[in-house]
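Labels for the chains are A, B, C and D, by order of writing; each one numbers its residues from 1.
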Amino acid sequence: MVNLEHILVLEKNEQVSSKVHVLTFATEGVPQSKPGQFFELKSPYFLRRPIGVMQQSNNKISFGIRLVGKGTSALCGLSPGDRLSALGPLGRGFDLRHVSQPGDIVIVGGGSGIFPLLYLADQMRTSGLIQGLNQIYGFRSAEECFLEVEMCQHKNNMTLCSDSGGLDFHGHAVAALEAFLAEASAKPSAIFSCGPEAMMKSVVEVGKRENIPVQVSLETRMGCGIGLCRGCVVDLKDDSREAGFRRVRCCKEGPVFPGDKVIWS
Amino acid sequence: MVNLEHILVLEKNEQVSSKVHVLTFATEGVPQSKPGQFFELKSPYFLRRPIGVMQQSNNKISFGIRLVGKGTSALCGLSPGDRLSALGPLGRGFDLRHVSQPGDIVIVGGGSGIFPLLYLADQMRTSGLIQGLNQIYGFRSAEECFLEVEMCQHKNNMTLCSDSGGLDFHGHAVAALEAFLAEASAKPSAIFSCGPEAMMKSVVEVGKRENIPVQVSLETRMGCGIGLCRGCVVDLKDDSREAGFRRVRCCKEGPVFPGDKVIWS
Amino acid sequence: METKVKIGDVVLSCPVLPASGCFGYGIELAQHYDLSALGGIVSKAVTLEERLGNDMPRIAETPSGMLNAIGLENPGVEFFLDVLLAQIKRFNLPIIVNLAGNEPTDYVELAEKMQDPQIVALELNLSCPNVKSGCMSIGTNPQEIERVVSAVRRATEKPIWVKLTPNVTDITEMALAAEAAGADAISLINTLLAMVVDVKTRRPLLKNNTGGLSGPAVMPVALRMVSECYRVIDIPIIGMGGIASVEDALAFLMAGASAVQIGSSAMQNPGLLFSMKDEMCTMAHDLGFSSLSEITGCLEYWN
Amino acid sequence: METKVKIGDVVLSCPVLPASGCFGYGIELAQHYDLSALGGIVSKAVTLEERLGNDMPRIAETPSGMLNAIGLENPGVEFFLDVLLAQIKRFNLPIIVNLAGNEPTDYVELAEKMQDPQIVALELNLSCPNVKSGCMSIGTNPQEIERVVSAVRRATEKPIWVKLTPNVTDITEMALAAEAAGADAISLINTLLAMVVDVKTRRPLLKNNTGGLSGPAVMPVALRMVSECYRVIDIPIIGMGGIASVEDALAFLMAGASAVQIGSSAMQNPGLLFSMKDEMCTMAHDLGFSSLSEITGCLEYWN
């Protein structure tokens, strides 16, 4: 039987911007997670907090955490040596089965959605897809950009966008995506996106228009994160069903879904 | 207006026995407390925890804390630098007005009741009563004795008792008190006691028999510690009242009461 | 920011009140805080005769809350009027007196004695779960509520606030009964009847066996009840139950309360009561309100 | 330590069960834990037709607890019997099926379909607060309880456990009605009707506006209700509501439960469910018991 609960020991707590910390834990016995999978981290409050994997290798696991409310504040307040219970890895990650050819992937992220995408990019790189990997990350302002620091080893083909300027691209990440597609010599074979719902929705529309499949990683309020409560459902188009859609668990069947199937709230 | 709430900063957390920690905090702006007074310390749980003052001087305050349950565990788990909200000083301390002559005081304590008595002894010493101060402290076993370490500067006239031997006196603190009284050249003018209820009750009986006034410091479950809820009451004999007793708040009118007035539960 | 609120004819300088039984008579905290930050003072329950309340222990801790089984300990109405009232009056704040009785007639008798002009309202405690007669046994029955409230209505011109218990199937039935009988406002909620067990001794932890649950644990239940009542009654609501932050207090106003009371959490953090008014103003301003009174009932429901 | 308990004619290997709706159908955790540490499996509510439940969000966090407004999402009885039951049966544990209906007749129809011998009991959900008809609207009315339970009694030979709602003035009235109508046991408590407000959006946080409160916050209320019912009914009680530790579980047994269910806290710490049996044995032994069943009802009340 696969262990579900792990006691992680914090090794490093780095504040990488005013609102973002990166926590790195030792991970003895924690199964290797796939990009897009997440853990349910214990907090001092009643519910655990779902947090995507930002990096996992060499018996270390990192989570990028954006300060949102009391749970994330408590997590960002942990000190090296502190122990933390984590359930996972949970959910299904990004589906890389159909991503075969190098040179044709775009990753589009914003907010706390950037963290799991960094892991995705890293894994693609190590699996030989590095050459044509394009990353587009959006921030409200240049100050909020936490990627200036050395969080990702490879910044080639990474476009940092800021709504208020001061980074690589002045404007929204979706605008940068459109600019990129307009100039691209070949049509990318897939887009992966995670971030605010409005952003993902626009990315899916761009994908539809350009006929590029998009995978999105969704966030919903979760009661358990492990498939027990059906608190976290998402509706997916499904013509085989009378209602025209089916209701699936974000934590179990997701959090990554084919963008064109998602019925946005 | 006198500040009621203080944010204490932990300076030192010493484990002085398997079950006892001494926490020392910086106390800028905290009024000087009297022996027997206590503070309501914040814990991660809903109610604060009432803890007597073990030492206060030079902008430092110390509490001796016995591990009993979850609240005291959390307190004993604090690290230097941690901040803790404390309400106090609360209640009325020991009444020293009628203690005038040197050479005639006995202090009898057990369990967590020893901590406030150490402060009492210390204050009496500095106020010139040192000469005739006799302290008797009881422990279940020698291993539980935390007074071996240098918690009290002056060990003269201190009898440490252990039910299972291995300390100054083999037997109960009350037996040591009786032995002391049997040998004393002059009758002490007062006894001060704090500890398990059964012990204090016996001390009061000894006092009655020997005609020595006894002051006891009681512990009750408290809802607020500051006189608001009447959750903490104690019944005191009062012949002026029809019922023969009156009901007072341990946190406000106590926790120290004349032993002969207390109606034990 | 305008902080004044009206509870029927009663004007309070702000909607923040201490909850009955969790503030003594205001005397203890007056040496530490400026009481004028409060909208008024709510007394501990006053009964006709002196009461000693229940045996000890009568407090227990629970997850995010507490149980109490004080049992209405108080020195009786005579001592209250002769001694305590003069002390409370010195704070120059509107006084709300919480009244409790064994019999319906007790409430009438008590109300008749509350003549002092600084007493702005009588809060009828039809909800204490820790006594054998009166209180909650009245507050769980709409006919009884109507009987007691109408009797008191006839006996006094003072505004009547009826304090209801959450230990009922349908709180709106109780609120409607109080309104029909002439109440000027309802206060909700009192505590939930509950029990804590000490497994080591195989005994209920409280000597009274059961007690009343209060504190943050109960807030979602209280908020639901305020919201239900707001939609069916026309008289104002004093909301309470678990308030521990300015967000909590605003949530009660949004759900329909015209003022709030803070009990258990204020006993743990007395500063909460006294900073609440200012914090409410700041947050209300940030949320786009220009007075605290306009927040009442602004909650938009999903259909 | 003897861990077997009897709920009427049903023998369970130990008194630890998952709570309905908080354990899926056992399938998710089977890959991580040895399910044989449980006394049985309690299904999520099954209804006649497939249900999608309420709109999102339908989970909210509260102090020491949570709100849910799932609204009985489930694939319907046909899919349950045709597909899910075979999967659940593989765990070789007694199966308790939680049944929910809009109409009293739904319960009868559902019960008639539950013929599989591995189904040892039917838990009638007369208590879900998150649906418009059936469930809690039945469970707040003793006559309705009696009507539904007797109808199901006539329709099946399977043991009937009636799951009651705490949102009532007098839980013993409901328990007595269930007993009179032929129930074999009662399960209590379901969730407390509650609401959480998001002050920033001025909206209830749940799309359903209200939800059911569960978790440690409600335990003192649940324990009181189990204790009240134990003193008036003769059929066994399955106790639940907030259990988060072995002490909590033992407290329920002492108050009168013959078995316990664990929901919200097990969703946070699934290991809790699977270590509970052993921990109960250790603690029961330390407290001087020689079987888990003898703990039931041993609580000594203060007079």
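As a working rule, a residue touches a chain if its C-beta (ideal position, glycine included) is under 8 Å from a C-beta of that chain, and two chains touch if they have at least 3 such contacts.
The structure presented is a predicted model; accordingly, all values stated were derived computationally and were not measured.
Hopping across touching chains, the smallest step count from subunit A to subunit C is 2. Contacts with subunit B and subunit D are shared by C.
Of all chains, the one whose CA centroid is most distant from that of subunit D is B.
A separation of 36 Å divides the Cα centre of subunit B from that of subunit C. Subunit A and subunit B have Cα centroids lying 56 Å from one another.
One finds 33 Å separating the Cα centroids of subunit C and subunit D. Shown for subunit B are the residues in touch with two or more other chains, of which there are none. In subunit C, the residues that touch at least two other chains are 62-65, 215-216.
Taken pairwise by the contact criterion, the protein chains link up end to end in a single open path, with no chain closing the loop. By the definition given earlier, chain contacts exist for A-D, B-C, C-D. By the touch criterion given at the top, residues 1-5, 42, 45-48, 85, 87, 220-224, 226-234, 243, 247, 252, 265 of subunit B touch subunit C in their complex. On the side of subunit D, the complex with subunit C involves touching residues 55, 62-65, 67, 140, 167-170, 192-197, 199-200, 202-204, 206-210, 213, 215-221, 223-224, 227, 242, 244, 247, 250-251, 254-255, 283, 287, 298-302.
The touching residues of subunit C, when paired with subunit B in their complex, are 21-24, 28-29, 31-34, 44, 52-53, 56-66, 68, 70, 73, 215-216, 264, 267-271.
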